[in-house]
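So that you can tell them apart, the chains are marked A, B, C and D in the order they are listed, and the count of residues begins at 1 in each.
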Amino acid sequence: MIEVLYFAWLRERIGTNRERVATEAATVADLVAELEARSDGHALAFADKTSLRVALDQELANFAAPLAGVREVAFFPPMTGG
Amino acid sequence: MIEVLYFAWLRERIGTNRERVATEAATVADLVAELEARSDGHALAFADKTSLRVALDQELANFAAPLAGVREVAFFPPMTGG
Amino acid sequence: MRLSVQEAAFDLGQEANRFSNDIKGAGAIVTFTGVVRDNGGQLTAMEIEHYPGMTEKAISEIMEEAVARWDLADALVIHRYGVLRAGEPIMMVATAAPHRGDAFAAAEFLMDYLKSRAPFWKKEISAAGADWVAAQESDEAALTRW
Amino acid sequence: MRLSVQEAAFDLGQEANRFSNDIKGAGAIVTFTGVVRDNGGQLTAMEIEHYPGMTEKAISEIMEEAVARWDLADALVIHRYGVLRAGEPIMMVATAAPHRGDAFAAAEFLMDYLKSRAPFWKKEISAAGADWVAAQESDEAALTRW
């Protein structure tokens, strides 16, 4: 089981800020393919992958990164702090 | 008559912060030559010309600058503000 | 070194004085403060979302890198989340160093990394509606200079 | 825009707040404060001499150039003269701008020019005696980047 978190407009499109997902996905990209199939909201949230960022256990990563051992995956748009 | 001002260690070496000077000097360099002859303190103050700065009527200038129309000449070491 | 991720408002002057009193004889103190712009009176409020846990981790790493790269006596980062009104401070960075070059460079470095690497997202709320602030390409590009 | 050449001490926090309250929605505020270093406990005091009249003129010109070169909402320069103790603020620059890049660049520009073009001279007084601070070649060199 992996804890999946959503922030900003991903959260709004998906309609929740977190969900527990049972998955055998090997990489972030594999997980995204599974999540996209969950609902229209998910599909919309993940539609434009160039505007997505991912963090694995609170460290920035990329879509090719392996998920082995990862407990928390977060998806969000480019950050706008400061 | 020109008002001549001294600051920082020039002032200390010369022993005064200002003096009125009757001069026909055409340029700053000519004036410096006259001032150097005034006292040992003046000679010491003007000994190292690379470490001297000059302002004419409160604007930075160089030693070749003409003195025509100038009322106030100030000599000082490189500035150390900030 | 101090980091605070907080919902509460803070006072620029108080924080600047507190920071400056803590460092003794550092010579140079730089502060940067980000303020909610009112966009010509259009903006009602700004809402800032963040990723608790990762936020503190990401900013701490950025601060450690700044301390490793420049000769700093101290550094401070305060960043708010929640609902902010126009004119309120959003965040603040302060650096203290023996020399001004280090203090300026470290403050700009911290700002550039906070903009694009700390997990905050801003939403602007106006009479016309609410919009997520889009990331600026120039903010991402700013990282290449370090 | 405000310039103050003064003997009296000033409070960094108060001045930062006053500056920040005057500008509405500028987005980015940078302050630089120079503090008398104690040089490891050796320094008793610092004495700053200046050239009344030229000081105000030179700094005003520098500020006008900053305002012409960058998109600024406001700028502030405070510089003290007279006898200062270790730990006291010597001077302060503040800039406010819509964007952080302008605020940082203008503040650094003002500092670089104040260092080498404003008629101030510092004397360090310690138990060992009194010495005029020598100008740094690096300060003169810093001007070439603008």
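The rule is simple: contacts are C-beta pairs under 8 Å (C-beta built on N, C-alpha and C of every residue); 3 or more make two chains touch, one makes a residue touch a chain.
Quick caveat, the model's predicted, so the values are computed rather than measured.
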Original post:
If you take the mean of the Cα atoms for each chain, which one ends up farthest from chain D?
Top reply: A
**OP:** Provide the C-alpha centroid distance between chain C and chain D, rounded to the nearest whole angstrom.
**Re:** 23
Subject >> Separation of mean Cα positions, chain C and chain A [Å, integer] >> reply: 26
Original post:
Centre to centre, by mean C-alpha position, how many angstrom separate chain B and chain C?
Top reply: 48
**OP:** Enumerate the residues of chain A that touch no fewer than two other chains.
**Re:** 82
Original post:
Tell me, which residues of chain C touch at least two other chains?
Top reply: 34, 100, 111
**OP:** Check the chains against each other and report every pair that touches.
**Re:** A-C, B-D, C-D
Original post:
Where on chain C does chain D make contact in their complex?
Top reply: 11-17, 20, 24-39, 86-87, 89, 98, 100, 103-104, 107-108, 111, 142
Original post:
Can you list the chain B residues touching chain D in their complex?
Top reply: 5, 7-9, 11, 55, 58-60, 74, 76-82
**OP:** Enumerate the contact residues on chain C facing chain A in the complex.
**Re:** 34, 48-51, 53-54, 57-58, 79, 90-91, 111, 114-123, 132-135, 139-140
